[in-house]
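Pasting a structure below so you can have a look.
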Amino acid sequence: MAEMWINMGPQHPMTHGLWNLRIKVDGETIIDAEPEVGYLHRGIEKLCEGKTYTQIIPIADRLCYGASLSWSHLYCVAVEDLLGLEVLPRAEYIRVAALEMQRIASHLMWLAAYAADLGAMIGFIYSMRDREVFIDLLQALSGSRITYNFPRFGGVAHDIPPNFERDSLRACDYMEKRLKEYEDLYEGSKVFMLRNEGVGLLKKEDAMNLGVTGPSLRASGVRYDLRKDMPYSVYQELDFEPATHKDGDCYARFKVRMDEMYESCKIIRQAVTKMPKGKWRTLAPRNAPEGTGLGRVEDPRGEGVMYVVGDGTDRPYRLKIRSPIFVTVSAAPKMLIGYKIADVVAIMGGLDMCIGESDR
Amino acid sequence: MNLFEFCYGIIHWLVDLVNHLWYWLGDHLPWVFGDFFNWAGDLAVSHGNIALFAILAEAVIMFVIALVNVLNFIWIDRKWMGRMFDFYGPYYVGYRIGGWLQNLADGIKLFVKEIITPAKVDKLGFLIAPVILVSSSVLALSTIPFSPRFGVFTSDLDTGVPAGLLIAFAFFAIAPFSILIAGWSSNNKYTLIGGMRSAAQMMSYEIPLLLCVASVFLLSGSFGFLGVVNAQHDIWFVIPLFLGFIVFITCLAAEVEIQPFDLPEAEAELVEGWTTEYGGFRFGLFMMTSYLRGYVGGALATALFLGGWQGPSIIPDEFWFLIKAYLVFLIIEWMRWSNMRIRVDQILNIGWKRLMPLAMLNLLIAAAFKTMGWF
Amino acid sequence: MRRTGAQVYSSLIAGKPNTVLYPYQKLDLPPTYRGKHTLDFKRCIGCSNCVQICPNDCMWMEKLEDPELGKIERPGVDLGRCLFCGFCVEICPTVAIHETVEFELADQDRSKLRLGPKELRDDKYADTVKEERQKRSLPVLDLSKCTGCEKCAGECPEMCIAMMPIEGVGKQKPEINLSKCTSCGKCVIVCSEKALTMTEVHESYFEMPEPKFILKNCTGCSACAKACPADCIYMMDMPGTEKVLKDGKKGKPKKRAVFVLEKCVGCGKCFRACKFESIEMAGVKR
Amino acid sequence: MAERGKSTGRPEEGLERAPSRIGEDPEERVIRALLDGFPNTVTDFKKLRKGVLRAKIERRELYKACKLLKDSLGFEHLSMISAVEYDSRFELVYHIVSYQERLLLELVTTTPKDDPSVDSISSIWGGANWQERESYDLMGIKFNNHPKLERILLPKDYVYHPLRKDFKG
């Protein structure tokens, strides 16, 4: 077969959103690739310049449908840095518990999409079902299913509901049991291993150079987790290990995310049992001083950074959002070239694409 | 009494009813066309004519049964999937019969959709590909009898289509041709890749499939359904040829293009593969055909390895045959819903490097059994 | 192998469908769920804080004539644009607006999603909700009754009441530092004019802009006092500013607005009502 | 499978952190190295909190400074490039991270409004490529020697740079 360019996207089952991957194939082998993003650009950075600081929290939720809590939390971290506001200790623990629940929910959604990409409908259904457990917990906590609007400057919106500790401990036990079953389901499947091992290799140097962050970076053998290495919130008081793997292929990325879910269960357990008593919300200032604030957290997809410039009014002068997926996608050609068309879904699925945050 | 005799009797009775008119006309209008009416009546009642119409009636009956079976298959597939995935499956349409009418509703929906022919397709190929696919599958169906009495026969002593299994496999193997036509004529890169993959895959899986069938032929000494099934009177071939059965089921899954081997329509990377450009009822035909082929495959596996219609006579033979075919289908579906899709180079590796030697080994085992004189 | 067997058993034989048969089985929603809004007309003071905080501009104020409450202003919600963020509930100073667990709001007609205040009205709902925001009893000043006698300031054990002179009027008014107040109620008991009353006030999490009064621009038109939803602006005579009329008699003295900022909800209505730029509010749009 | 199950959450062999190349106090070392290399152009050094530094640099020395940071100071990761518009200048803020030392350096450079251009650093950090394209797209800052300076989020034929303050709707 002759060489040809194929547009995978903007409407394609592989894309999980609205972006376009142009690949040049020779037969079934990829010889060139070129991602194109921007189909979902909503101008959130410009939009935020016209809203007050409080009003941006629900908008920051809309950055990513899979992990909205991480983004509103990131925004609150950035603005707290700008305001110089201390967060209440109880609120920090509630935040950490909620964030890790969000991380598990996000990873389960990734697992669902990944399984569906590889053709296993059963993985999709099982993961989405188990995600529901954590979505229900977050719904009881914040009052909404997907876009929580939960963190506030210096605290959180609500106290934990009654029985929350019991329910979250139960959910963690259930999740660990289910994770073992997933490992049986995926790693016990010869087909899964055939599709994943040695596919989409990303070397350590390339991963660091191309700005790949989060689970994909840790799968390439770099042990760097912002929760551990630049702790923000109360992560330094909790006991956990960032998951790493040295291979840098699709299986490593899968494994890192699975291990992260175990670690998240551990963190949730510690957070809900160690939670101190006290207030969970304070009066937040209306106007921010002149200056800059930087928030930098470990999003489920990588390193999320927000940079807020305040000018003394109640609206931010400039809000810059660093999306981990936006940078990770630019490294896609490095992973794709040399593999087959069928590997595109495994490689791009393994990166956990979320176009809402990438295009902003 | 077999199905032919039954149809023959009914046609004969109908012809007799009508012939009263011809002979009455011949009696009362002798001066105009008397001879002609008498001749027409004699022709209608002749053996050849009635036999022809009886065979047509048989074909219609078998076709209707097959279509009802396809509806059943889709329903079973969905319910089975729901059982495995812990949800209900079809539920509301036909609530009292377990959602069975959902497939009919889907069919009606597909039927009333607009039939779109994209502007830049090759019109002839685009139109003819579904026709070839459906007709070849239905023809393969016509050769399969449900019991020694229920099938498409040509006389009351007949044993079905001569060398029926060979013909069934011949029709079964036409499909890649039509898929290649569909993929090429749709003028789309995805369909083209899908068609090419389909051709490569079917070509490489046809050989182990037929080698397994050859081992059965070797043991039974017959090419026809009745001969093969009667040879399994004492022991089903699945026991001596267990290896062959496994290889056969695997190849069947690849032939029918279901989950671990559904590369030609791989949803995630090729959108819908070679069916991407087909919409509405044409897509419905493709979907129905895939289940039809699943049914044919299940029936073939039943006849070849599972003793056909043989079983304790608590229930009629025909139902034994259907139950076994459904079981084979369920096994295939189990593979389908719990497996992932395999890559194109790996599928060819498995076909040529694993299944082919296993099929050869199976043939060797069959030959050994035959040489020992056990069969 | 045993685990696999147990999984096959639990999935295929013992497993129950997880589906919620939605229209027939209802979802189990937590009480914090954010759905359709309700509005308690009696609690609502029409301050329009909810309209200002709304990130999507989906609320508006509507003037109505109520048989019980007279001429009032109440908010309406366009559910077609609503984000269900819940800020309107959180900012409401009198906890009049709530979000219920009702989420089946879809309609064929877009205009039916615009719910005016009358459609939102549900005066009973607010009493059934357990508020998360804590209440405090605080002394609230009615300046029209106050004589400036300093008794309350002397009685307060926390020293949180300070008597501040009102410029141009020649009177004093008590200013209460609410953050230090312990709700002991001694100032209320000691007040002979009953100008101070204990009122339940809900905790607020939002810092609101405060009006800044500029005396030299004030003409005493009392537009701000009429606009204020929380009754915290009082018009007081300024002695010594009377104009001498032609017949030598003294006319009416000039008035000025006096703010009791403890009651202010920061809505900015006075700022918008003032045509003479004698009220400034930072960060509020006109 | 069982062995793989055991490795849950534990770092693999050989992944241990390499010994520090720079010295005892990495922040001091970074400051000294930058000040030694660029004595006149690097100004306003400030330690914001533990592990976070801020410095200002003139734009003509930006490429060399980044080269130094990457090659000899071990800053492997470019986190973010943000462009901020002020009344009289554009500010480009580079957040650069050292994985080994757990340092974050906020490198601020300014360009005048009439000539918004700096040297591209996408040849040093590959991750800068798309971020520079984004800054060009939304803020209109030109990056010299960029391999493919095109619009990335907005359509190719768009003429405005929407994050500038003078852009209205």
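Letters A, B, C and D mark the chains in the order given here, with residues in each chain numbered from 1 onward.
Throughout what follows, contacts are C-beta pairs under 8 Å (C-beta built on N, C-alpha and C of every residue); 3 or more make two chains touch, one makes a residue touch a chain.
Being a predicted model, the structure only gives us computed values, none of them experimental.
In terms of C-beta pairs in contact, A-B outnumbers the other of A-B and B-C.
Put simply, the chain nearest the middle, going by average C-alpha positions, is A. The most distant chain from chain A, with centres taken as the mean of CA atoms, is B. Separating the centre of chain C from that of chain D, both taken as means of CA atoms, is a distance of 46 Å. The mean-CA centres of chain A and chain B are about 48 angstrom from one another, to the nearest whole unit.
Averaging C-alpha coordinates per chain places the centre of chain B 74 Å away from that of chain C. Centroid to centroid, with C-alpha atoms defining each point, chain A and chain C lie 38 Å apart. Under the contact definition stated at the top, the residues of chain C that touch 2 or more other chains are 18. Touching of two or more other chains is recorded for no residue of chain D. With touch defined as above, residues shared between interfaces to two or more other chains in chain B number as follows: 84, 86-87. Contact between chains, per the stated criterion, is found for A-B, A-C, A-D, B-C. Those residues of chain A lying in contact with chain B across their complex are 1, 4, 6, 8, 12-14, 28, 115-122, 125-126, 129, 189, 191-192, 194-195, 340-345, 349.
Residues 82-84, 86-88, 91 of chain B touch chain C in their complex.
Considering their complex, residues 1, 4-5, 7-12, 14-15, 17, 51-52, 76-80, 82-85, 93, 95, 99, 102, 104, 106, 125-131, 134, 138, 151-155, 162-163, 167 of chain D touch chain A.
Listing the residues of chain C that touch chain A in their complex gives 3-4, 7, 18, 29-34, 53-55, 83-87, 90, 99, 132, 204-209, 282-283. Residues 51-52, 54-59, 129, 132, 139-144, 147, 149, 152, 157-159, 161, 181, 184, 281-287, 313-314 of chain A touch chain C in their complex.
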